[in-house]
Each structure stands twice: as C-alpha cells, then as structure tokens.
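For reference, the structures are reproduced in the following blocks.
You will see two complexes here that share subunit A, one where it goes with subunit B and one where it goes with subunit C.
Then we have the complex of A and B:
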C-alpha cells in the first residue's frame, strides 16, 4: 500500500493535492477489490466512486472501520438532480457522500449512489454517523429522496405544510407557498430533554390563543 | 359655571381668571400617541445591528419618544421589522401583529422587509406588506440609523393626521354595532 499522507497524531502538516489524489486512488483500488464499483465520469477534480445502493451501508462501514483509512467523519450528504444535465446518462438523481479522516490529513473521499426517479430510496447511515440524521432529512426535504431506516424522516428546513421539493430542477423557483401556522418543533425538544434525564411534568402547551380570538380581542 | 370648576380646589373667582386654551380631542390624542411610540423590534437580520446603534447613545432614538423598547407585542404600538422574512416566519409575524392592540403602526426596515431584497426565491416573502399593513418603508441594505430617525419622524407626521373618533367609529362598525351615520 502507498503512503497515505500525514498522520495527524504525529505532526500537523497539511496534505498536498498530490497526497490527496494518491490517497483517493488507493482507497478506490482497495474498495474496488471488494465491492462492485464504478468510477464517476462526471467527477473532474477527484476520484469518486459510484457504489450500488445495496452495498452502500457496507462500503461506508468498511471505510470507517478499516484503520488504514479511518474515514471517521461524514462531512455532508448532497442530493443532485441531473435533469437536463449535459453529458449525463442514467438515473436522474444521485446522492453524494463526502468523507474525511480525522487521523490522516490526506484522506478525503467521495461516494456516489445513483437513484432512479421511479424508486427514490437510499439506505440510511444514521446508525454509523449521527450527523447523517439531519443531513438525510435535508436531502429528503429538498430533493424528495427517502432514506430507508431513518428514525424521523421529516422535513428539516421547509415547513411541514410545504408541498414539493424545491431544489429539484423542475420546481419553479418563483413559486411561493403561503403557510397558515408556525412549525413548533417541540416534539424534538421534548425528546431531547427526556434523553438527558429530565422529567417533563406536563408537556409544554402551545400557549397562544387562536388567531381569530386575538383579532377580536385587539379590537375591543 | 360648570360643576367641575365649582368642585375644583382653586377658588371660583381665581379659576375664572386662569389662562386656558382650546384644542381638538384629536390634536391632544395624536400629540400623545406620536411622541410616545413604544417599538417592538422584530429583528431577523443585519438591519437589527443598525438598530442597536440607533438605540444607543450616539443616535439616541429616545429623543423622538421611541424611548421604551418592549419585547412583548401587547405593550408596544410600533412594530419594526428588521430583516428577511421567510414564509416559515410569516405566520409568526402575522400573529405578533395581531397581538398588538390598536393603535398600532408598522415600519418595514431595509430592502428585505420592504421587498424581499435580493432573495428572489421560493422561501422569501417579497415584502411584508403581503402579510400585514405597513406605514413606512425604509430603503437601504441596511439603512443608516439616520434613515430610521427619518422614518420615525415621518410616522409621527402621519399619526398627527389621524382621527381618533373616526377610527373608533370604524372599529365599532366593524363589531357590527348599529350606529347613526
């Protein structure tokens, strides 16, 4: 195996571009020897692997738990809509995962899963990385890609009354949606308090009167 | 001689010689209202940073009677919206406006509150006048504190043109009371 960049535990030396591409190539080769992989033809600046949907969970677990690689940080999960994208063939959607190692400076890797429009489901990674919980909710919110096994597949950014997925290329950017109420998010707060050992004597009430009462009250 | 003067602590002869002035009810009420605007800051973005300097010693907004910042809409009569309002925020803003008791006025501060600013997208309200009535708009991104003062002075001018009795009559009619025209 080739050298894999600086070990952060020994010296704080930033990785060079050559180190990074070398590490990416060796990671790719290592994965290709174990799983069916494709190289992403659209990735111009780095080596990116396209994995099959059913292998995703295993691949990520292998990347995280193999000590030579130690991709122990999930930076982000990104949804992509390839509608009308020049040079793209195949399924319309893709989900990209960005990984980084907190141990080796040169270790950065990108995985991609192609998702067909007919079957918008990807396995969830929330059991491997806590950050995947919210990142997957964001992708669901903006692209409508569902994550199988996710504990709380709710919208993250948009309101629960919002209809559609705004970062899809066929969503009209100027389309506005009026909402009737606020989105209190108390369910998560209460769950977090209980998790931290707090006991809620009474669930927090929404202590606001109905809008109609307020209008009448202000006119008296 | 009216009963009030008879019962006043000032002796009758003396009271008759005291100077007095006549005015209209509207003038007195508007004088009070326009010089004691209590603002409620609805701050969502960078315009609120300018508001901080406006309230502090250098610009001293209190000179114009907007002395008392209140953080509950029930005790304030001037709603200042400083910053971008998203559709998610819109029902909250609407509810805050409805919790304010009349008389109430609204200043939309800066490009975002006035028109959505450069956020021409699915999530930003293109101007808060889509949600609530606005009295004064301030341009700028963010406006200078002097612009806030200008807006407050213009609002005071506007309040001085209002009529308490006409307003009250309209409110009673809204409630469905049968009144002579």
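Then we have the complex of A and C:
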C-alpha cells in the first residue's frame, strides 16, 4: 500500500465545517477536470460526485495517490435501494463510498456509483483498500450487488444458506428461512494458507463422516 | 492437512475452530485456524452470529424509534451511540443544540467512554488471567451504572439522547455523584496500573504481540484507540471538533508499536484524559434549556400540549409521523469509545428513515484480525481479540 510519506505521528490542524466543505468543493472540481462526473443531487449538505462505473477504480486510485488530496482511508461502502423513492429517476441501486484523509483533517469525500437492476456489477476496490474486502461482501450480502474482481464474494453478515438480499426494499422483513449448519470455512482457510506462501500437499480431508455431517448439515 | 511452507519444509497443520460460543470471544465470533504446534499459520474469521438486521428494523419505524436500537449497537457505551445518532439527524436539519445540552453531551460521552475503556481493559486482563484487575475495575463501573440508572432509568440500554436535545436534565446531586465516581475511578486506574506496570507475565503476554503497522491499519480503516496505538495521532475530537471539543484541554494518547500492550495502555491513559474532560465539563454546566425549541424536532411542553390546540397537533404529529427529516443523504460521525462511529442517513422527507447505515468501528478492526494473530500462539490470539475490543452488537448489527 502506498503511503505518500505522511507523518502520522504529527497532530493535524483542526478543521472547521467551512474547511470541510471547501475541501470537498476543490476535490470535486479537480475530479471534474479529469473524469466525466455529476454532482449528487441527494447529498444536499456536501459536494459529492456520481462517477461512472467504469471510471470508479481509476478515480479512487487518483484520490488516494494524489498528494494534495491523499484520501487514504476508506471509511465505508454503502448500498442503497431507491425502489419507489419519491422523485427518483434512473437506476434502482447505488453504491456510496466514503473516504477520509489521514493527512488533512478537513478531507472527507463521498463518491456514488449508480447500478442498474439488470446489471448489478461494480468494480472491486480490494486491491486499493484492505477493508474493501469485507465492506464489499457486506453490500453483496444485503443488496446483491456483485463486485467484479473480488477474491471471495461470500455473504458477510447473513448465513451462507440464506436466500435473497434482505435490505432490498422488496424483501419482506418478516420472512423466515430455514438455515441449518455452519459454514465449514475450509475453502477460505486454504486460500489464506496459499496467500501466506504455503502450498497444500494434501488438502483438508472432507470425507470423514464428521466433516461430511457438517457440510451436509440437516438441510431439508 | 499437510502443506509445504516457503522454505520447502513439510508442515502438518491442525485445523482448530474457536467459537462462536467461546468464553474468550466475548460474544459470538468464529475463528478457524490452521495450527502448526501452537503457532497460528493461517486464520479466518467469520462474523454474523449476532446479526439482527438493525438496518432493516429501523426502516419500519420513525427516527425517534431508532434510538433504543442504537443502544444495542455498542452496549458498553450506549449513550455514545445515542448521541452519535441524534447528532447525525440534527446535522441533516442543520440545527444548533443548546449550550447546556452540548456540555451535558460531552460530559456523558466522556463518562461512557471511561466505562467502555474500563470494561475493555478489565476483560482483556481477565483473559490474561488477571482476575484481580477485573474486580478492581468493576467497583467504579458499578458506581457508574448507579449514576446512569439515576439519570436515565436504565443501567445498560440508556436511550438518553433525543433528536435536538436529551431525554431529561440532570438530577439533584448529579455533579457530586460524578465527581465521586471520578475519584474512585482514578484510584482503581492507578491500582491496576501498579498491578500490570512492571508485571513480567503481563508484559511478556502483551508486548510485541499482535503488532500492526500504521499503513496496514489505515488501509483496514482502523480508527480510535486501536489506530492511535500504532502511533497515528488522529482523533475526531481534535481533527474535526464537534460539541466545542476544541475548547477542552486534553491530549490524544498515542502508542508506538501497535501491539496488544499499546492498545490496552492507550485505553488506560485515554480514560484518564476523559476524567479530566468530565471535570472540565462539570465546571461549565450552567442552568439553561436542554432541548432546542424547534417545532420540527422537539415536542412542546406538557402544559402547552394540554391547553393549546397547535401544540397538541404538533405533539401528535411528532409522535405518529415522526421527525420529518429533510430529503437527502448525509454522513455524520463522532469519536466513540472504539473509534469513528458514523451514521449514513438517506431520508425521503417523511418521518421514517429510508436507509440508515451504521459505520461500526469494530468491523474494520476485526477485518484485520488474521494479520494480528498469524505467526503468534493461540493464547496470544485471545489476548489480541480482547485488546481490539470487539462488541458483537455493533460488529454484526
């Protein structure tokens, strides 16, 4: 991960609300001179951008690696479903990214990508920010938006047998589902071992009766 | 399971599952480890065992009805969550809260921060086998619970904050109770510090264990005491001051190595700073209104509601339709005990929230958990886990 040589041990100059909106405006103007983007009409209290899906990775990388902005922390990734939202036009879903800088106290920025229901794919940012891995899994879990290039697109909060995406507006809140067994997690463990530079000679045996029970569970 | 490591050595790994219901996981977390002897070669964490669907539940009620749910996020410092949520909604209205409310919110934030840090350090020490420290901390914590009970009517799930103010003003003798609590806390802080300061067992179990570099921590989105333990001097109370924090005199506590020891010590010394902030806040407490007199958010007084038609309608509308937050989207955060606690609110202009996303500070810390524990021993993983203070309530929502 790139660090831009920020001295983190030095305290920052405190930022006021005016500084924050000024920084947002300058970030927006800088981005607008390089990428095609719109101002988000819903973010009434801040200046935030709607970027095209294909530009997202490049925009985020530019925000992170440009020394005068240095948005080096991804605060959160938020999925939103605008089904029947009053006055809403355009794609049904949106994914919002919140960034913050460790270099300038006033720097906070918000990006939004609109996602159509027919094509629920957004490029993954897991190679830019480590936290994107889990944050994107959460959005996939709750909204069903896929992140292209994500190494492990599994549910984060809900059970792995869960069907549907609960935070969509058309998911009934009272619906009940039969969930039977734990996720064995062995595939993730093997992947992690490989990441740590180990090579599997004989993988975890899955054919012992106990493990088989776990995998099969009491699924109906 | 047999693997070849980087040097070409054959290792026989044992797969061990920890949790979800393990006394050391402080809630429901699951970690699966590949062990070589007692050394963790790879670890994978799973969360979601306490997922209640907070974000789905809050969409069904009004904004005021979100408040009790926020208690259940970080149940060790419920008032901080309440304040964070009311602050987020107030920022969408762009209203200024009253002077007394500001001071009281600072006071209660720091009060609950002390309690949260006490619980975290106490539990971490108990996990290391230092049961004495646990009881030393739970004596002042019990006093804190009694004060909270007197003030809010509840011990843990306080729901003390309201949009535009607070549930009620302080009771008579509140200041004396708090000052008494601070004194006892200072004593027990120094007692426990003496117990662990030069304790060989404690130092060996915590120093150099579960290290993380500032760059990695930032990439994982760490905030709060855990990030400061790595040496990063960032605190929302200082960087983007709210509730006039810039006028209080306090220091940010920063570690050096980002190990378990630093994380616990940062919390201990931060509790001391919080004590000083509470003392300053008590001196500033001046009589005055605690709720804003804005008919959009605060209910009219009972005497008006009983005698005045307009006030009655106002009250009825606020209760049945909820606070009608202006249409739009906004993210607002404050420094909670664990780090940056933020609420992203999408409002459609009605009294029911369209979408509320919580930005829980623990999630980012737990996402980096495998980086902390790999290469260490199983028992170190337990010490690590308690030092990053995972609260399953806000982790899983």
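Following the convention adopted for this analysis, the second predicted complex is superposed on the first by the 170 of 220 C-alpha atoms of A that agree within 3 Å, B and C clash if a C-alpha of one lies under 4 Å from a C-alpha of the other, contacts with A are read in each partner's own complex, and residues count from 1 in each chain.
Heads up, the rule we're going with is that a contact is a pair of C-beta atoms (placed from the backbone, for glycine too) under 8 Å apart; a residue touches a chain by one contact, two chains touch by 3 or more.
All values derive from a computational prediction rather than experimental measurement.
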Touch check for A:52: first (subunit B), second (subunit C), both, or neither? neither
Between subunit B and subunit C, which one contacts more residues of subunit A in the superposed model? C
Is A:179 touching the first partner subunit B, the second partner subunit C, both, or neither of them? first
Which partner does A:166 reach: the first (subunit B), the second (subunit C), both, or neither? both
Per the contact definition in the header, classify A:158: touching subunit B only (first), subunit C only (second), both, or neither. both
Jot down the residues of subunit A that show up as touching in both complexes, subunit B in one and subunit C in the other. 158-159, 166, 171, 173, 182-183
Can you tell me which positions in subunit A touch subunit B when the two form their complex? 158-159, 166, 171-183, 208, 211, 214-215, 217-220
Seen from subunit C, its contact residues with subunit A in the complex are 1-6, 10-11, 13, 15, 30, 32-34, 41-44, 46-48, 51, 53, 55-57, 59-60, 91-92, 94, 214-216, 218-221, 231-234, 238-241, 246, 252, 254, 326-331, 333, 340, 342, 344, 346, 348-349, 354-355, 357, 359, 363-364, 367-368, 370, 374, 396-397
Per the contact definition, I'd like the list of subunit B residues that touch subunit A in the complex. 87-88, 90-92, 94-95, 98-102, 120-123, 125-126, 171, 174-175
Spell out the residues on subunit A that touch subunit C in their complex, using ranges where they run on. 1, 3, 8-12, 14-15, 20, 40, 42-46, 72-76, 78, 80-81, 85-87, 96, 98, 102, 105-106, 110, 129-131, 133-134, 142, 155-159, 166-167, 171, 173, 182-183, 185-186, 188-189, 192-193, 195-205
